[in-house]
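Okay, so here's the structure we're looking at.
As written, the chains take the letters A, B, C and D, and residue 1 is the first residue of each chain.
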Amino acid sequence: MLILKIPVFNPKIRDYIYTTTSNMKKILFISLVLFISCAFAPQKKAKVIFFGDSITELGVKPGGYVTKVDSMSKAEGKKDDYDFSGAGVSGNKVYDLYLRLEEDVLNKNPDVVVIYVGVNDVWHKTLLGTGTDADKFEKFYLAILKKLKDKNIKAILVTPAVVGEKKDFSNTLDGDLNKYCNIIRDIAKKNNLPLVDLRQQFLDYYKNNNPNNEEKNILTYDKVHLNAKGNQLVADAMWKAVKGLN
Amino acid sequence: MLILKIPVFNPKIRDYIYTTTSNMKKILFISLVLFISCAFAPQKKAKVIFFGDSITELGVKPGGYVTKVDSMSKAEGKKDDYDFSGAGVSGNKVYDLYLRLEEDVLNKNPDVVVIYVGVNDVWHKTLLGTGTDADKFEKFYLAILKKLKDKNIKAILVTPAVVGEKKDFSNTLDGDLNKYCNIIRDIAKKNNLPLVDLRQQFLDYYKNNNPNNEEKNILTYDKVHLNAKGNQLVADAMWKAVKGLN
Amino acid sequence: MLILKIPVFNPKIRDYIYTTTSNMKKILFISLVLFISCAFAPQKKAKVIFFGDSITELGVKPGGYVTKVDSMSKAEGKKDDYDFSGAGVSGNKVYDLYLRLEEDVLNKNPDVVVIYVGVNDVWHKTLLGTGTDADKFEKFYLAILKKLKDKNIKAILVTPAVVGEKKDFSNTLDGDLNKYCNIIRDIAKKNNLPLVDLRQQFLDYYKNNNPNNEEKNILTYDKVHLNAKGNQLVADAMWKAVKGLN
Amino acid sequence: MLILKIPVFNPKIRDYIYTTTSNMKKILFISLVLFISCAFAPQKKAKVIFFGDSITELGVKPGGYVTKVDSMSKAEGKKDDYDFSGAGVSGNKVYDLYLRLEEDVLNKNPDVVVIYVGVNDVWHKTLLGTGTDADKFEKFYLAILKKLKDKNIKAILVTPAVVGEKKDFSNTLDGDLNKYCNIIRDIAKKNNLPLVDLRQQFLDYYKNNNPNNEEKNILTYDKVHLNAKGNQLVADAMWKAVKGLN
């Protein structure tokens, strides 16, 4: 905060004029310095944290979607505007994000948090018997959003893309995944929050790019984790969403 | 069985001619009777067994799809052509059908067996942890078909319709159900067997008749078991398939 | 807080003596009142919250274990020492407790929290595919304990008793339940926290009181929820543990 | 099969008598040889098939329990008494055995079938959601036994040993495994069939040989499949049971 010294009046006229002039000069000089500072000095970067599971854990590696977003922002001359980082942990479900929200996200004072979760909540039901009930998924998701809102942190929501890339909805988990995507879409709508609907974008992509109805090797290498094309698609969508924030 | 009396030869020529003529007449008369009998008497009915789970177990009740098929056949004046019965047992999966195939189906010498199974194979995975692996599903399905073929019994294949009636593929089990339907479709195709694709017919129906994306009360009363409209749709499809056999 | 008025010295000796005497009397009187207040007035009750799932939700009903603990404490003349309440929600797993810890427990400023959870973490694996991984179970359990410790709230740990009462370890979930009980026992040991080992107490009880190896109707009415005898056994164990705190 | 040469009749009487005498001698000689052959020549070996899952599939390899049983029988001079073979397929559950019973067992005309199954019926519930319901387990087990009995094939029943070797019943699947072992024990008892109770033998072994409550590397190398000691224990038990048949 700028505290301006108010010039002390001098009863002597000559002194008064002198000091007035002198003080005026000082004020002008300070103003100029301040103006230049504001115009050219580095303004605070927007800190963006991608918060998620193994897809995001891999996203910060070379070629990963977080890395790509960072490169794209720099290529567009915005290296001073954003500070991108990933907080992804393999196997994480929505309640795992909630548990480590404070330590891994809030403590880092982000401006924006991109929540990219859901695959394991669905997948682990059949894989390990430890998925997340739909109602609990929503509850924890909302609890995360509340904590972000309490700190005036902007949230971007993301639908989990795929577990299997077949385009005829015959991937084992398609139904449940669609269901959880609908939950996220509803939350975004009701809370007027930006949504990156990766699920829909992937499905759209498959229509034209998966002629043999393959279950992998289109945008993923293993039905879940992103290959080069997948990382690019996700990076494009994320970068667009981040730039779209006002 | 018809036992023809061979006319006794008479050495006397006159008698011979007489008796011959007389016998000729008898033979002609008998032949005529036989011809008329064959033309108008009841020929053997085609025995059709609907083989499945609780949907078929309920199907033989008043208003059930098997009952409806029977009524429809009679309404079309074909009461002497078909003998319809159900062999449905609640909770049955494909290997349960295989286990009781001999006792409940083969021993009854059917002409046609309509195999309508698959819901529990998918559903019980999450409900009880005791669903059927996709490869085992195919194996047992083929084993049933082989046993039918060995006895020259015609098979009609049916895809399981729904577990949840939402039309946007967001019913939890949609993906896996589609997957198992694809297995059945492939078997039908490869073995050149008639297929009643209930799954597709239900999905088509929902497009125009489930405006609010409800999960039940469209063609089922509980996401799985048929209500009146569901029983009618299934009966129509089944009856068409049975009549289509040559 | 007591603020004693210091008697103003009076230079006049007579007055001094008089006022001194007078003030002395006042002080003595006030002291007496204070003493009586402390001796007879209600001291602050220890607020004890039983924090758990449906077993605790039912525990606050008539005949429930929380109700019984309250009655027992009163019968022992300790109605002024304890304030017992339940914070049980049906279907809760350890992470559900964590999610509502602040609202349902911390905000009520308890002195003691009895954590009684684990059945659903194990059971829901097979029932719904949404149980809790063993490592996550421990993580959330420790996270709850940390938040209690941060507020100087005493914790009492409880092992989940049973899902099925057969005594030969042939209840479907016996193995996994024992595993999760071991996790709780280890946490209690490592953190030097009091443990109510209901699991062990139930098993001990069955040795002599379940001659026909029944799966229910010994201490539960449905393999999980407590019948009258079960509520009494649990109440006895809980009351002993609460009294045992120093 | 014995084919007796009928002596050719000789019309000449002297020759006839001679040859008759001569032929009589031949016949007597042949009869003697045949008698001696029957008494001392190798009698038909008892064909024993071990019918099961991956444990048995591995059992026929060098060091496997089937191989060991074969070696032990030979070491005891019984190489001509038994013909041991394995019919184990990885991942098999009881209904898989039923499906391939005819091809892999009945068609080979065994005298004895050792049924060693159950681990996957329990394990696959949580691993894949495709385990076997307890009632279906019993049903298919009995169906296998019936088919063996119809062909006068002797059956030896075996309880599945372990999924995890901890001795305090805290292996995740201990409860369910015990439950399925009880089903097998009951079947053995009710049908008066020999039982190799590997489960009990393994548990007994752990009491004295698993001091640190390890979950593997005692009799298995991975909680399920047998290491050298495990193969020896199983081989001992199997060999004893086979010899015990009358």
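Heads up, the rule we're going with is that contacts are C-beta pairs under 8 Å (C-beta built on N, C-alpha and C of every residue); 3 or more make two chains touch, one makes a residue touch a chain.
Source: prediction; values computed, not measured.
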Furthest chain, CA centroid comparison against chain C: B
Inter-chain centre distance, chain B versus chain D - centres from mean C-alpha coordinates, in Å: 41
Rounded Å distance, chain A centre to chain B centre (Cα mean): 56
Interchain centroid distance [CA atoms averaged], chain A/chain D, Å: 62
For chain B, residues that touch 2 or more chains besides their own: 125-126, 128-129
Arrangement of touching chains [line / ring / star / complete / other]: complete
Sites on chain A touched by chain B in the complex: 125-126, 129, 164, 168-179, 181-182
In the complex with chain A, residue positions of chain C that touch it: 95-96, 98-99, 124-126, 128-133, 136, 139-140, 143
Contact footprint of chain A on chain D as seen in their complex: 126, 128-129
